[in-house]
Every structure is written in structure tokens, then in C-alpha cells.
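Please go over the structures that come below.
Shared chain: chain A. Partners: chain B in the first complex, chain C in the second.
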Partner chain A sequence: MAMAQDSKLKRAAHWADVRGRGLGMWAYVLNRVTGIGLVVYLYIHLVVLSMLTGGPAAWDPFIKVVRSPLFLGLDVVLISGWLIHGLNGLRVTLTGVGLGVRAQKAMFVGFMALAAIGIVAMALLVFRS
Partner chain B sequence: MSRDVPVKMFRFKPGDAAPRYQTYRVTVPDAANVIDVIEAVWRQDASLTFRHACHHASCGTCAVRLNGYERLPCIYSVAEALQGRDEMLIEPLRHFPLVSDLVVDVAGFFQKQEAAGLVITRTAETSLDGRRYSPSELFDQAGKLTDRPYNRFENCVECGICISACPTMAATDKFFGPAGLAAINRARQQTDDPQRKSLLLALADGEQGVWRCHSAFECTHACPQDVDPAGAIMSLRHDLAAQKIKRLFGGQG
Partner chain C sequence: MATQADRITAPAPSWGWFLQAITGLALVVLLAVHMVAQHFVAAHGLRDYAEVVAYLRNPLVTAIELLFLVTVTTHALLGVRAIVFDFGLSDPAEKRVTWALWGVGVLTVGYGVWLTWTIIR
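On to the complex of A and B.
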């Protein structure tokens, strides 16, 4: 019998489809988005560090640029990614070994509240420094 | 009293280049469920294919996606389905090969269920003699039903809704899936035979077993019968993790 399958791309789109879904699905999507963001950042970071090989002439002008408000804002985005991914990852680890499974939604809300407090605190530190 | 229901129906026949959506307008009683709407559409257009049997949520055959979310249309009311909407959208389950219109191929799903050795049953059964028996009292060590006078109710109706809701199933068909892993966990609880327990745990281990799950908990959220497959997966993970840690330190896991 001839049968149809969704394309891989269409199926992959289901990873981000949160319509009508539960809180766990939002946590799943947040972890993917922040995870991909952190991997991209890691590569950018390595490329940027390679500028050190050019000596002060290459590095000092770059440092001036990253002290601009735009880059400081990007720092806050990066810290947000760390906090959300790390704390959500802790929830996944705990439930993954059978701890707090029934409280996973409350755990997600609690950890994200912690992340929000951390983001605000870090944003204040970044922009005041 | 009756109501007019506009329906946007997913249509696909073998040989079609791509699926399409067809709009119908049917009249059903006010108290109708969504399965009544599907049947009313079929009376207008007999080329529509869909699966149904019991009409009361015990067979799981009619599962579809209603307005983008997995439902059993036999127990889901039209009033609820149209809340805040002008039109009802009906599509087949995701993550299954599509056969025709709302019909998907569930063969792979049942093969995974069978691998566990049994389907999922309630944790306690009320028997005809008024006692409550634990599953281990109702089944012998070979997994066969004993002759106790029981009423056997299954939580899992094998509707496939958890497979459609699970985002990990979007990545691979090889993943054992929520229902299959829940069945393994249930089979494990039902036997006192250490060797069988160990075999079942090994079945749940591995790349396509419990470790493939990404903890979205959508299976539990979508399940119309409160099977809690995610809880079963986490329970298996807990025991597998404990076993691996014990073995790491030279113990017998």
C-alpha cells in the first residue's frame, strides 16, 4: 500500500510547535533554542579569541566595540541563555533520574523564576560596570 | 436543537502529490461529539476515510488531531472544539505513515507495544468478588491472566495520541516511544521474576529507549486516559541509572 510520510523538515518543525501544548513542551523548546544559541556563541567566541594572535593592535579596538551598549545587551542575552538552559537542564536531570517527576511543571516555573531574578541581577551588574 | 458546523478536513489519497484541505458544513445536534461531525462529513462525502469503532473512548481507534492537538473525537464535544473558533480543523495523527485522509498506519506502534509483552493496565483492579487485586495477583509469572473473577480495565487504549504528541518522535521512528516504554514499565511491575525484570529493563535501555526522551512530558499531557507515559519513562531511567551506578562500583545491578 502506498503511504505518505511528512518530509524531515516538516517533522523537525514539530519541535517548535507549541500550539495547545503543555508547559513541558515550552521547556523543551526553550532548552533547544538556548542550546543552539549557546553552541553558536561558543564558535563565535573561539573566532573572536583568535584575534588575540594579532596582538594589541587587533585586540584593543575590538574591546572598545564590545563595551558599547549594544554588545552589553548581547551579553545579557548570553547570560539569559546560560541561566535558562542551565536551570532547565537541572530540572531535566532531576526528573530524568526520577526526582520530582510529578512536580516537573512547578519545578519549571520555579527555576524560570530563579532565572528571571538572575537575569535582572546580571543585567544591572553588566550595565553598571 | 442542532448547530451548523464548518469543518476544514485534511484530505489525502494514495497517489496524490500532496495533501489538501477540504471545507464542509454539516449539521449535528448541540450535544454532539466531534466523531458525529466526522460521520456527518462522511455522509456528505463517502470518499472520506477514517477509523472508528466503540464511540466511547475504550478502543482508541478514532484518534485525530483536532485544531492542531491530539484528541479522541468520540469523547470531545463539538461545543468545546468550536470554543473561540469559527471552524473546526481535523487532521490525522502525526509521526505515523499516512494511509488515506484521517487513517494512519499503526502497525509499527503495535509492534513496539507487543515487544513489552503486554498492554498497560490499571494499577489495581476491582474484582467481581468485591476485592481489589494488585496486577501481580491477576497475572501469573508468564504474564497470563489468572482465573480470578476480575473486571479488567485498561488505561492505555493504544490510540497513538502520545506518539503524535511526542516531539522526539518527530526526529526518529526508531524511538521506542511513550506508549511502548510505558508498557515495558508496566510489564516490569507485573512480574516478580528477576530475569524477566532485567530483560525488560535492558529493552528500555539504549539510544532508542528511555534515553532518547527529551522530557517534554507531552505524552502525559496529551494522554486521554491518564496513563502517564512520561512518569513511566522517568521511573525506568531512575532504575537504569541506579543499576549503572551500582555496576560502576562493582555491584550487581
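On to the complex of A and C.
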């Protein structure tokens, strides 16, 4: 593959192409996708909080809207992003300092199973409250 | 043979990587506190305006929320930096990106401090 002839954009997007890659690459892409999503959420969250400057007249009706099932569903998506990104990040940190490098595939599978359990538990908690 | 994935899961240590790991670990605690305090203690998971103001006026809460803001902004922008660096930039270009992201970070935290102050004063 003539990487040198690829455009910068194509090279930068190279990581997102998971075809024919191993489990490690999936873990890497999963961390990037969730990471980008969480950065976007951070700034949406900060902008939305500016409604607080409008006092109760601006904030309180908004609170009613975000208690709707649609927004609770989006909350579960957000929590899923945290669990996947956080547990994946913990694995990257552990292997980065030389812990469990040989077991990193098992660690990835284990952590993602933990994330799945956490997502179900959090979904039940969010929709029950 | 070192595959691409091997290199990614065992990156060359850099200040960015260490800071990302440290802020990441701190975020596990800070995000948990943020979530429990903001959404699980509050009735129906969210506070109305009067409750937000009363809650944020607690100095300990103000301190924790601002620490959370600095930590999450650092972690987020270091992540953006890593993605941008994947474009294969020259050293001067990487320096410019780092400085630009410092600017974004200072603005982000400044906005958060301003917003908090506007609400609690």
C-alpha cells in the first residue's frame, strides 16, 4: 500500500478502518470512537449549562424535557460511553506500565463484559428512578 | 513481529501519555462523585434552579466540580491532541496544535469558572 501517496486525511482516517485487524485494533478504535463522542458531549453539556444564567424561567422547563424517556435513553448511551472508554483506558494504562501485557486480550474481553453488565445495571437504574 | 496494535497498547512514554493516564484514573473517581452527587442524590435525578444554586454554593461542591472541570478538560484535549497528531504533522505544527489546545483549555475552564461564579454569587 502506497501510504506516502495517501492524502493526510486518508492517513488520519486510517485508524478507523478495522477490516482485517486484530482484537487490539478493535479496542483502539472503540476507545477513539467513545473518546470523540465524550469530547463532543462535554462541550454540549457546558453549552447547555449556560441556560442556568437565565434563572429558573430558563432552567426549570428544560429539566422537565430531559426527564423524558428519550433523554433517559441518551443518558444510557452516555453512560455506556463512559464505561467502555473508562474500562478500556484502564486496560491501556495497566499494559502501558507493564501490567498484564500478555493477558491484554483476555483483559479486554473481561473489561468489556464488565462494561456490558454495567450498562444493563445503569439502564435499569436510570429507567427505574 | 510488532503489529500496529502492539505499538498502540504499549506506547512510548511521553508526558502526554502519563498525564492522560493520571487524569483518566482521577476521572474514574471524579466522574463517579459528579454523577452520584448530581443525579443519584437529587430527587428525580436532576435539580431545579433553586436546588442547583443551593448545591453549588457548598464550597466543597464548588471545589470538587472545578477540579472535575480542569481534569476532564485536560483529558479531553489531550485525546484530541493525540488524534490530531495522527495526521502526521511536522514538529512545529505539533507545537502549534499543543499551544492552540492550551488556549482552548484555558477558555473552557475560564468559561466554567465564570458560569459557576455567575450562578453562586
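Everything that follows uses one rule, which is that the second predicted complex is superposed on the first by the 125 of 129 C-alpha atoms of A that agree within 3 Å, B and C clash if a C-alpha of one lies under 4 Å from a C-alpha of the other, contacts with A are read in each partner's own complex, and residues count from 1 in each chain.
We take it that contacts are C-beta pairs under 8 Å (C-beta built on N, C-alpha and C of every residue); 3 or more make two chains touch, one makes a residue touch a chain.
None of these values were measured; they are calculated from a predicted model.
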| Between chain B and chain C, more extensive residue contact with chain A | C
| said: A:V33 in the overlay: touching chain B, chain C, both, or neither? Say first, second, both or neither. | reply: neither
| message | According to the stated criteria, A:R102 is in contact with first (chain B), second (chain C), both, or neither; which is it? | response | first
| request: Using the touch definition from the top, say if A:V76 reaches chain B (first), chain C (second), both or neither. | output: neither
| task | Using the touch definition from the top, say if A:V92 reaches chain B (first), chain C (second), both or neither. | result | both
| query | In the superposed arrangement, does A:A123 touch chain B (first), chain C (second), both or neither? | reply | neither
| task | State whether A:G22 touches chain B only (first), chain C only (second), both chains, or neither. | result | both
| task | Would you mind listing the overlap between the chain B footprint and the chain C footprint on chain A? | result | 11-12, 14-15, 21-25, 27-28, 92, 95-97, 101, 104
| message | For a test of understanding, state which residues of chain A touch chain C in their complex under the given definition. | response | 8-9, 11-12, 14-15, 21-25, 27-28, 32, 35-36, 38-39, 42-43, 46, 49-50, 52-53, 55-56, 59-60, 63, 66-67, 82, 86, 89-93, 95-97, 101, 104, 126, 129
| field | Residues of chain C touching chain A in the complex | value | 3-6, 8-11, 13, 17, 21, 24-25, 27-28, 31, 40, 44-50, 52, 72-73, 76, 79-80, 83, 86-88, 108, 111-112, 115, 118-119
| request: Using the touch definition up top, name the residues of chain B that touch chain A in the complex. | output: 12, 14-16, 19, 67-69, 94-95, 97-99, 105, 165, 167, 170-171, 214-218, 220-222, 230-231, 234-235, 237-239, 241
| message | Taking the touch rule as given, give the residues of chain A at its contact with chain B in the complex, in rising order. | response | 1-6, 11-12, 14-15, 17, 19-25, 27-28, 31, 92, 95-99, 101-102, 104-105
